[in-house]
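Before anything else, here's the structure in question.
When the chains are written out, they are named A, B, C, D, E and F in that same order, and each has its own residue count from 1.
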Amino acid sequence: MRNNPITPTIDFDKDGIQHGFLRLPYSRDDSAWGAVMIPVTQFKHGDGPTALMTGGNHGDEYEGPIALYNFANRTDIENFQGRVIVIPAMNFPAFQQATRVSPVDKLNLNRIFPGRPDGSLTEVIADYFSRTLVPMADYVLDIHSGGKTLDFVPFAASHILDDKQQQNACEAAAKAFGAPYYLQMLEIDAAGLYDTLVEESGKVFVTTELGGGGTTYPHTVDIARRGVDNFLIHAGILKGEPRLPDTEAINLDMPDFRSFIFSEHAGLVEPCVAMGDIVREGEVIARIHSIERTSSTAPAEYLAPRDGMVICRHVPSLIKIGDCLNVIAEVV
Amino acid sequence: MRNNPITPTIDFDKDGIQHGFLRLPYSRDDSAWGAVMIPVTQFKHGDGPTALMTGGNHGDEYEGPIALYNFANRTDIENFQGRVIVIPAMNFPAFQQATRVSPVDKLNLNRIFPGRPDGSLTEVIADYFSRTLVPMADYVLDIHSGGKTLDFVPFAASHILDDKQQQNACEAAAKAFGAPYYLQMLEIDAAGLYDTLVEESGKVFVTTELGGGGTTYPHTVDIARRGVDNFLIHAGILKGEPRLPDTEAINLDMPDFRSFIFSEHAGLVEPCVAMGDIVREGEVIARIHSIERTSSTAPAEYLAPRDGMVICRHVPSLIKIGDCLNVIAEVV
Amino acid sequence: MRNNPITPTIDFDKDGIQHGFLRLPYSRDDSAWGAVMIPVTQFKHGDGPTALMTGGNHGDEYEGPIALYNFANRTDIENFQGRVIVIPAMNFPAFQQATRVSPVDKLNLNRIFPGRPDGSLTEVIADYFSRTLVPMADYVLDIHSGGKTLDFVPFAASHILDDKQQQNACEAAAKAFGAPYYLQMLEIDAAGLYDTLVEESGKVFVTTELGGGGTTYPHTVDIARRGVDNFLIHAGILKGEPRLPDTEAINLDMPDFRSFIFSEHAGLVEPCVAMGDIVREGEVIARIHSIERTSSTAPAEYLAPRDGMVICRHVPSLIKIGDCLNVIAEVV
Amino acid sequence: MRNNPITPTIDFDKDGIQHGFLRLPYSRDDSAWGAVMIPVTQFKHGDGPTALMTGGNHGDEYEGPIALYNFANRTDIENFQGRVIVIPAMNFPAFQQATRVSPVDKLNLNRIFPGRPDGSLTEVIADYFSRTLVPMADYVLDIHSGGKTLDFVPFAASHILDDKQQQNACEAAAKAFGAPYYLQMLEIDAAGLYDTLVEESGKVFVTTELGGGGTTYPHTVDIARRGVDNFLIHAGILKGEPRLPDTEAINLDMPDFRSFIFSEHAGLVEPCVAMGDIVREGEVIARIHSIERTSSTAPAEYLAPRDGMVICRHVPSLIKIGDCLNVIAEVV
Amino acid sequence: MRNNPITPTIDFDKDGIQHGFLRLPYSRDDSAWGAVMIPVTQFKHGDGPTALMTGGNHGDEYEGPIALYNFANRTDIENFQGRVIVIPAMNFPAFQQATRVSPVDKLNLNRIFPGRPDGSLTEVIADYFSRTLVPMADYVLDIHSGGKTLDFVPFAASHILDDKQQQNACEAAAKAFGAPYYLQMLEIDAAGLYDTLVEESGKVFVTTELGGGGTTYPHTVDIARRGVDNFLIHAGILKGEPRLPDTEAINLDMPDFRSFIFSEHAGLVEPCVAMGDIVREGEVIARIHSIERTSSTAPAEYLAPRDGMVICRHVPSLIKIGDCLNVIAEVV
Amino acid sequence: MRNNPITPTIDFDKDGIQHGFLRLPYSRDDSAWGAVMIPVTQFKHGDGPTALMTGGNHGDEYEGPIALYNFANRTDIENFQGRVIVIPAMNFPAFQQATRVSPVDKLNLNRIFPGRPDGSLTEVIADYFSRTLVPMADYVLDIHSGGKTLDFVPFAASHILDDKQQQNACEAAAKAFGAPYYLQMLEIDAAGLYDTLVEESGKVFVTTELGGGGTTYPHTVDIARRGVDNFLIHAGILKGEPRLPDTEAINLDMPDFRSFIFSEHAGLVEPCVAMGDIVREGEVIARIHSIERTSSTAPAEYLAPRDGMVICRHVPSLIKIGDCLNVIAEVV
């Protein structure tokens, strides 16, 4: 297989704090010999495991980048024991444009792993993670939020894995992250996920959803910032005491597809339940108004298909046929 | 002055409930003899004043349209005494595209009043309100929210006017609307506002800001829905008892330009204070990280220029130089 | 008033056949000192009146340009007695892009007369016709068709004018054009039309609609080609015998707005009557299917609002709310 | 091979009439968990063969969708004996935008069969037909027209196949469709066609070209509507008598590439022959005028390369180098 | 007249070096309360005249901005006697996008003076110069180059003015600038130019053309950097000795329109003369090849319409009908 | 492997001069049966080798196309001995749009060899060269320049190859081309290059870089025009004497990656060294100014990483992070 064209401007084997770029050549109309320059910072000090921490897998999710740009400001290398590779914005072209998928090739980075070294831009980035960065890591944290069009209650998550020892290690790390909610996920279709690539490489992997709507709040940023520290403390790479939420985390489960409500109408969403509400099957959760005309016709009503907690909502007030309206999870 | 080219498909003099359109001819490449069709509903029953209620002055603000599409579903004409003209989406082309300004001529409807009958699309809409609809009304309610890029604490507002009798009538109507906050505004530059056009016509006028971010929540929708009823009950057009919030409204004031904090940095916003927080002058309200590179350089810090309550925030996590970061109001 | 920035590369006072351009400076990103170059041909021979013949007033109408590019190929200057100015594509930027309105400023040339010398590109073109070309002419022919989105039965038309002598001269010229249909029009809103500008200048003016759909047929091209000759023969500028259709022209009238049927539904048009069909009030003329879903719900039916002949249809099979579906004229 | 991500919202094994969608997840910037929802209706009653009927393989062809949206309105399930799957718009994203190829990935659905389950949107649609829908069918009808840029005389067609029994069955079904013209086609390059996929699966397959120009006429809609019924009656699935044209169908043949005339000039097309005209080799069929300038230079003339009937024309009056100008078929 | 909405973040009356912005509110879809922030620096020290120095009047011209961003780096306030206002990029939105005209309203800043306070973005910028900045100045320097599509030999210029004393002052200042060429211009159509606005205000005004092609060279940057200093030394505001070119400046004249050669062909330009070449009337200066096809037809040849020096060339190798191909000046 | 869909309109086996097209079918929204028509000319006379000469591999490089469109004008077939295939614009869709990469599929033709017959447009073009044109040739010349964003000193080049006999033949041909500079290249990553495809086919191959910036100069055009002749004379196909530059060619070498300087700052480039300058390691070669604000902060300085000659520069004055700023070569 062809070499990946990315070259880092830092030396992963060197001790200390290094700031630089992953340089990915990108020849195009406005720059014959141009490049995508993905920021990267490494902390390396003493012997210890390697953690790889990322945000911006989708370019419109912000708690992760804020926590990681902050983390890169650290100068206290003496508090580290091992190596931490920080990439606040994996899909940097999408992050720069504030878009979910790459503005260049329209690919969703989190559906194309393991990628290809001779593919389009996003595929090349995936390949560099698959064949260069992930193999260097013992612990991998990928911070997601809902993006511009979805909003989640803040949770860290781990997956049900065949290797129960690995599963337990992941679950422990996810709980150590210290979000208000914890979710154990059974992915129905894990093909192409970064999660799957990392887990199949035998790493301790944690993912999150920490809010959404293309914005952040002080409390969701705080969850991300302390979660990053907690994760590294748990991994034994960072010195310090974990900082946990005041109340115990709530455990969630999405056992089947009835958790997902998709709209079959286009129009204006009137939400009838709020995030975190407990609903009963058959309760009205939203009404969708046709915007074409005013009339005496009532809007379409959507009913909860199950009991549970509303953990996700559609953010834009205009919805299209096929969009996810809400997700309802079981509280364990 | 030339006639306005808009023709309504309903008869404003007719009793009963009518649903129809304001038909604005719009010749363009994909329809030589096409039109913009702005939905309108009228309730007319018995003798009484006329109320004109609008949303979608900016196309990405949703509490107003939801309340008004719902209102148009009513069939209880016997509860009305007078006339109510309901236009849920004034700038309908913007509303359809979920944009603040018109996608056709890029104009901000709320800065071009009184408009022109021979101007571009948005100017023609403004002229139809200025010369046809507003003159028909006694009470005018225009429901705003922050749109996709701003978010406000929910308030109704009236302006300081030269005619103190009119000012008192407006203030009473704004308070009757029943939002959690009330703001008395002194507009520094009122040129081009719908508000100014309506007030100069001598009408009782109420405006609002009820949330933002291009989305809504059950509690903000509820403020709008009950506010619409409360406004009409106050005007004596609708029968019923007003439905008010449980706690007394908080009164706000923005006495000078120090209330507005504008960003002089482009980058990733880390919010340090939440909406409704009381801050002290000099307190850090936000940090802005450059996204180009990770480094040990600290982000730019923005400090509160005055004591007060955070009543507005920039929604997108990426900010540009010149964007409004926050607004801090005085609590009266 | 400022001088119009257009300079012709031909000399309107010179005898003979000249081919050139109307040169309109147009500074833009891809050409700092660029220009729009509108093709023009002039035939001048002996003494006689001046005719101005145009097509491409809307850029997606083609019978006129085909007839006039052909006419410009003529080399028989000896058959002329007077002057003929031929501009096959008035709104040349639109014609080049095959669009109805100008791709530069999105203006509909035929709604902005008399134009402005310091306006945007289309306004400058209008001003050049208003202040330079039309004043030079005695006879003016402007050939229209329906464009990409409308289709008409082929007719020549003249307007009802205050000056009955001028009206009769126009009617005679329109009938001399020799189209299968003749329409006498009373424009409800004549503001901004080229027609109005020309007629108010006291010229003999003929307009046409010769087909549409962004295409042509041999028989519609033939109507235009012989119509151009017939018009000039009628004006006494060209030698020869007029070539008329085999059957007598049908006279049409559109006495009021009930002739126009506008769609209040978006969807897929199923036409139920053909162009030239005679319909009775209440007859189904079209059905509009919602495309969002298949269902057992019948499509919306549109009924003829009057008796008459179907003289215009909406061409694209997908229709939007507000589009013109059909026009039904009275046969006189 | 990976599972196709499409899930139908109807149950293909259930009796009765069902309306629903083929739900294809489509994560994108404006909807993280969005979907393409392709309308589908199924009629199932008693024992009998399965017919799969489609339109909108290209998104700008309309006789098929009109006939099939109408067909889906039927409520007379008792007239069916077997199963009919109706998909009026195969390439639904293209159909919604009125484009030939998909607006998402710019792919021509009819050149990429059998598709891929992990490809781009159009490839996934093709795969769902190849591996799920076509295997369920015995009879397959795919209704085409010329689209916005081509126009055909209305014909049904079948291909020359290696399996002569299958070929005869297809020809019989095509003739049973009842269009004014029948064409037996020998595809030179059948790679990627839906036709080829279906025929290689051993199904009875009929295709059509029923008009074009991005519009329809009452008589072409009528051919499609009765053709759909005729096809199902022929298949023994629908009760009733076939409704055939008044005159016998004309048989056509395109024996070699001399039937296709491609333009080597860009400009304005002046058509010299009409659809259905019989032409002789060497006859002028079109003239192409350069639009850049008017001049005494004659336009380029295109001559018929063979005797035959004009069965296809280029619709837009502006043509580019390389566009198909006309097709001339032999009348058998 | 309405107040201009721009507010400076610096105080023009304050001594010392200040860096800031001209803040122009700009409400749009991606920022409801956003702004254009035009960088500005002021040096003020002691008593003396005021100089206003600008670049980026067109956004794709770079010698001026480079010289002025450099100038703003100065910290030697003690060398100043008076006030210098430095705005490296007048049309900042165009400069950011590397376009000649504004990407917002497509206006050419240098054709719309004096502007309007209630116009579109570029008109508001013009108005701020006309009514606020220019009145503060005694000496005004506006540095131009040819932009992406034109290229000039480097010259400073002054205009022929009615006020001969002012004309002499301008000529002296232009010659003091110290470019290799000096041009005395008689503008045929000066309407809308910044030059005209400034000169009519009675100021000493110098303009330049220093290269082009959207790029710079060390020697053209050097002309601009030393020219800025020379200009201020000449004005008595800056201490120091002027730095002049090694050879005496060449004086140029463009007496009439025969100096401008416009293309009447679209295609590929083959330049036959170089910048600075002396040509004779009738000499081949360029050949234009049609790119549509290769053939034995020779390209169109363009001949010099006069004797003189080639002082301007069309940069892009593809040319359009109407583009300026070359300018030929007389050497005085 | 599937047949390539391109069909030439000329016969490569026929003697004489033929002008025609490579016809590549391209079905798209604006032409269902359209095509890309790539101009091609062939000279064939007597027995002799075949030369394939191309330009426009990147669509914004012009010395090659100018030389080859000129070459195609020749009518002196008697001066040829063998066959010359001339394709002035390999990536014709890019050349028409003046873009480096294809406007259709955004592919860089020179990175995707050998291409695919069933791929996207650019891949199909590559495949036609790989499997049809290159196999016909003995000598292959591909003329490049720097394009819109890079600028090179004019050189011809050959590669270091495993087959030393072939290497010597290529070097001799490159030197025979007669450019002012000659470069012997060791490609680090030759995957996907046309060069590699041709060399691996055993042909005598020469490439060039003759300028750049999206424009040409008389002297760079002259290098290309005489180079084409010189190349064919060297190959023994064309009669005549080579025309060489007045001074001996300078030999260049780029031994390692230190030759390439990439920008890590976005902003305005101030070039400090000119093309062809000899620089010393550590010398300032450019300064990059941030454009967001004026300030007393000095711009970023870039230093020469090695001694050598500046042979390449970034053309646009605005630079992005990751763009190539300069190339410094060793003079042998």
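Going forward, a residue touches a chain if its C-beta (ideal position, glycine included) is under 8 Å from a C-beta of that chain, and two chains touch if they have at least 3 such contacts.
Being a predicted model, the structure only gives us computed values, none of them experimental.
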- Interchain contact steps from chain C to chain F (minimum; 1 if touching): 2
- Most distant chain from chain C by Cα centroid: A
- Task: For the pairs D-E and B-E, output the one whose chains share more C-beta pairs in contact.
- Result: B-E
- Note on the structure: Dup interface of A-D (contact pairs over half shared, numbering-based), picked from A-C, D-E or A-F, is A-F
- In whole angstrom, what separates the CA-based centres of chain C and chain D? 35
- Message: Roughly how far is chain A from chain E, centre to centre by C-alpha average, rounded to an integer in Å?
- Response: 49
- For the pair chain D and chain F, the C-alpha centroid-to-centroid distance in angstrom is 43
- Task: At least two other chains touched by the same residue of chain C: list those residues.
- Result: 21, 264, 292-293, 316, 321
- For this structure, give each pair of chains that are touching. A-B, A-C, A-D, A-F, B-C, B-E, B-F, C-D, C-E, D-E, D-F, E-F
- Considering the complex alone, what residue numbers of chain F touch chain A? 58, 60, 99-101, 106, 108, 111, 146-150, 189, 191-192, 260, 262, 264, 316, 320-324
- Item | Residues of chain C that touch chain E when the two form their complex | 2-3, 5, 9, 21, 23, 26-37, 118
- Note on the structure: Listed in rising order, chain B residues that touch chain F in their complex are 264, 266, 292-293, 321
- Message: Quick check: in the complex, which residue numbers of chain E touch chain F?
- Response: 17, 19, 21, 39-41, 62, 65-66, 68-70, 72-75, 86, 88-89, 95-96, 98, 151, 213-219, 221, 268-274, 289, 291-299, 315-318
